[in-house]
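As structure tokens, here come the structures.
Paired with chain B in one complex and with chain C in the other, chain A is shared by the two complexes that follow.
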Partner chain A sequence: MDLLQFARGPALTWAATVFMFGITWRLVGILLLKRSPDFSEARNATSWLGAVKLIITRSWPRREFRQRTLFAQSLGYIFHVGLVIILFGFAPHILFFKALTGLGWPNLPSAFIQLTSGITLAALIVVLVRRLSHPVLRLLSNFDDYFSWLVTFTPVATGMLAVAHFGARYETLLAIHLLSVALLLVWFPFGKLMHSALIFISRGTTGALFERKGASI
Partner chain B sequence: MNESDTLGASLVRSGVSRRSFLKFCTAMASLMALPPGAAYAMADALSRAQRQSVIWLSFQECTGCVESLTRSFDPTLEQMIFEMISLDYQETLQAASGEAAELARVEAMKSSYGKYLLIVDGSIPTKDGGVYSTVAGVSNYDRLIEMAKGAAAIVAVGTCSSYGGIPHANPNPTGAVSVSDIIKDKPVMNVPGCPPIPSVIAGTLAYFVTYGKLPELDHIGRPKVFYADTIHDRCYRRPFYDQGKFAKTFDDEGARNGWCLYELGCKGPTTYNACATIKWNGGVSYPIESGHGCLGCSEPNFWDNGSFYRPLSTPLASNTHIIAAGTLGGIAAGVVAAGLSRKHQTHIGEEK
Partner chain C sequence: MSTAEIDSTHPLELDQPRFSVKNPEARYDKQGDLSDAQRVETAMRYFVKDFGAVAATYLESCIHCGMCADACHFYVATEDPKYTPIWKLEPFKQAYKREAGPFAAIYRALNLKKKVTVEQLEAWQALIYDSCTLCGRCTLICPMGIDIASLVGLARHGMNQAGLVPHELWAVAERAQREGSPLGATPKVFKDRCEWLADENQVAIPVDKAQADVVVTMSSIEIMKYPDSIVATAKILNHLGLNWTFRSDGYEATNFGMLSGNSAWQQEASMKLIHATIAAGAKLLILPECGHAYGAMRWQGANIYGKPLPFRVLHISEFLAENTKNGAIKTKPLGKTLTFHDPCQISRRGGAIEAPRDVLNGLGAALIEMKDTKGVNWCCGGGGGVVTIHRADPIRYKAFQIKMKQVDDAGAELLVSSCSNCRQTFDDGQNHFHWDKTMLSLLELVADNLEDK
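Our next item is the complex of A and B:
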């Protein structure tokens, strides 16, 4: 079995299995947690509207803090949107999802994906530099932050190299790319990357609570 | 050296003109990306050389490699090859059979001991004493050991002799191995492909006759002049790959427009061969040009690399049952964890 066979075979299968195990374990565990009883009288009949409202409002910088947070939030948006475009717009990735789920959709031009990848990588590097150079951020950061950054950065970088056939033979680059994706999948449920699954749940829960209490959102 | 034994004299006797001979040498030099002057050097060397004795052994194979060589697209080139070498033993092509054929092999071995070029097509079965393929009652393994001793070099033609090929595919019931798995003390060159391109076989033979050595090889023993680039790198459909235009089925509009076959499982990006440049049938076409993705037939273990129609970026197998089991396990673990948490919270509440 060569490296590419290993990457496309056992590595991806077991990484996907660990990923699904971890995701469902954490989500089911959190969603089934016992809630504290709320004896107060509800200010609004429904709370779901507050959940949606808070998800939207918290995704945008508040006016009072805009000056201070605009740069960091813009960076965050650039690489998050970039990652979504790369993940769901590149033809080989769509084929990957189609092989797993049977669902497919039209792809974006490869050149556009390469451009997006370049911008995403640049944004990720700036994010890291900022984390390392900002005294407060540096103090708040731990292994989870840096490792999560690494397993996000590596698939994008190796994917770009594989598409460009640059640095090594294509099969080697593709195998390294797939192995980096496998590492991402294994780490995803157990590190801070899990925020992508929990962020809307936590914001929605807070929004629903605020709505029930009649708080301003 | 007797002047009448030279290749040049042989060509004159056969009525091959100097012009045709130079054209052949130029074509061969061009194929192997040699400098312009090499064509004249090749012509000079070949015309003064004695015809190279070649012994061709066929082992566990389908004769496709020999078929490929005999269908060499240019008759003049093919004629040149047969004039350039002395094919002293080849079971399919030779007129002799039975004991007469074996006698020819022994004679050729004796007369050119240490000088002949040994060509092998087919893998070598090693299981159960190599009983699964024998010629004249001798196992392929024993015959290879015997013939390799007197060879100047060995050329493994086809994927079977180069890497084991289809007989080597899982579960490999005959214990098939390649030539280089057995022979360690002789230079071995692999010319893989199922079958290899005729011009590639001819080109490597011409190089050996001209320079008396094998050309530069890559890390798995292939001549770099023919196997340095992937088919994808040289494919005329590559611009469509870069543009993200892919055929979704073999008869959709994309396929009719000649778009990239990556989504249909083409193995061009991981296959090193000259199909896209030299092509087949007189340079007319090659599999991708005919509308089918590359199978990767010149790569080791190509038969075990998953479906021919599964794109390279997808997992080798679905294995959804393993992933589903992981998902169910995760749900169960989540339920247990939540249950324990609730029990713990209740316990704390009771204590209060």
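Our next item is the complex of A and C:
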């Protein structure tokens, strides 16, 4: 078994297993904890509307906070949108998903994906520099923040190198790319990357609780 | 430390403009005789005691983006990163991951999260108490929607049981539990005051009626520092012709048990009001101009009672709004411009945002909203018990300057709010900065402008 076969086979399979099991374990571990009943007289009975509202509206800053958070929010949007475009718009990725699920969709031009990858990597580098230099972020940051950054950055970077056939044989570059994806999948349930699932639970929870009280969301 | 020792070591200064204890410069305070190890163990045990899916979701969700700092008046005023709201919970996040999270076994086995130390908790005392008013502005900016203020509340449970509360706050909470009021407004003092105010102002102030439709409560700050609020309340309720009463077995709505993090004291204070209202057969309990009293009873009271309350609970501004809108309260036109300071626990976190505006509309006042207003209003800096903690004065005054600028920029003739704790903080700030703005009470404004029947 060569490196590419290993990466395509056992590495991705085991990584996907850890990914699925880890996510399930973490979500179940949170969601099965007790929820105390609330006997107070609700101001608004339809608290689920608050959950939906907060999930949607918290995706951009309120007017009052815009000035102070515009840069960070814009940066976040750039690399998140970039990652989505790369993951779901690149032809080989679509073929992978089709083989896995049977579902396919039109791909975006390869040059556009390369451009997007470049922008995404640049944004991620700015994110890292900002985390290292901003006093608040430097104080808050721990291993999870830096390792999560690394396992996000690496698949994009190795993917670009593989497409460009730059630095090594294509098979080797592809294997490294797949192994970096495997690492991301393994780390995903344990660190902050889980926010891609938790964001809906956390926002929804606050939205529902606050809507019940008529509090600001 | 026993109660007697507390009173002699840190005597309460009741004659000062705001209550306090001496020796405010202590870096951190301790109560009781627990060992360091016991303090840590107790703090963590009580932190997770009321823990559930909601708190776990929040602690799992933080992405360390640091945006909460940009919403916090203490951070914005100082630019000191330690005042980042989520950082105030760092030892508790650490303990959660190590002891209670879904991967706690891995964290412990590999020692990926260290055990929390008493030195950490001592250092964090000033962050959990002195520099958090529980105002919840950070909740509105968090991209994950984490309600950080509620987590600080849970952390205070742990700190209280571990005996790691700032002395002033602990002393007033302990006094409230022992005497029924943090400011010495005992049942006897309260009754005497009502009697004196009734004579002085020629207004009927019923106390301890056996049966009443409405039970009214006050805050100790109003009773001792702003007694005109008692008179104003009586004038309005008499004007409406209601069968109402104060009850000497349940008159004090402040809840320093809640602010200091003592669940048992919180429960005791809340149950007094609940029992008194039930005993009077009342269908309505009116809460005073006090922010945290509203949260304690309106949103937590029924849960402490263990079932729905058999009466309605309204903040005085909601009560005034209802009766202004239905035409029962008629006032003379004010004819002045004013701006309204939203108390965090009533507006942002309590949901009674439009009620004071309805009242002001009824008063015919030209309301000039501040730039950031309603639910996003800046906190006065004195909530959550912070105004009691003297060593917090320097950062509180810095934070208050944000508020002063907001008010000055609005350019209104009058400044009004519906929380006596905010009012006390504004009065203190006005005195400190020799500011030309005086905070007025919404309740008193209505009472002073009632139309003669």
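Convention: the second predicted complex is superposed on the first by the 217 of 217 C-alpha atoms of A that agree within 3 Å, B and C clash if a C-alpha of one lies under 4 Å from a C-alpha of the other, contacts with A are read in each partner's own complex, and residues count from 1 in each chain.
Criterion: contacts are C-beta pairs under 8 Å (C-beta built on N, C-alpha and C of every residue); 3 or more make two chains touch, one makes a residue touch a chain.
Here the structure is a predicted model, which is why all the values come from computation and not from measurement.
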item	value
Combined model on chain A: chain C and chain B, fit or clash	fit
Contacts of A:Leu108 with chain B and chain C, given as first, second, both or neither	first
Chain B versus chain C as contact partner of A:Asp145, first or second or both or neither	second
More chain A residues in contact [chain B versus chain C]	C
Contacts of A:Lys34 with chain B and chain C, given as first, second, both or neither	both
Touching partner for A:Arg26 - first (chain B), second (chain C), both, neither	both
Touched partner set for A:Ala16, first chain B, second chain C, both or neither	first
Angle at chain A between chain B and chain C, C-alpha centres, nearest 10 degrees	170
First (chain B), second (chain C), both or neither touched by A:His93	first
Nearest Cα pair across chain B and chain C, whole Å	6
Intersection of the chain A residues that touch chain B with those that touch chain C	25-26, 28-34
Residue ranges of chain B touching chain A (in the complex, touch as defined)	230, 232-233, 241-244, 246, 262-263, 269-270, 300-301, 304-306, 310-320, 322-323, 325-327, 329-331, 333-335, 337-339, 341-342, 345-346
Complex contact set, residues of chain A against chain B	2, 4-5, 8-9, 12-14, 16-34, 91-93, 95-96, 98-100, 107-113, 165, 170-171, 174
Complex interface listing, chain A residues touching chain C	25-26, 28-41, 43, 54-55, 58, 61-62, 64-65, 68-69, 72-73, 76, 134-142, 144-145, 190, 192, 194-195, 198-199, 201-207, 209-210, 213-217
Complex interface listing, chain C residues touching chain A	50-54, 56-58, 60-67, 69-71, 75, 79, 81-82, 84, 86-87, 101-103, 106, 139-147, 298-303, 305-309, 312-313, 347-353, 372, 374-376
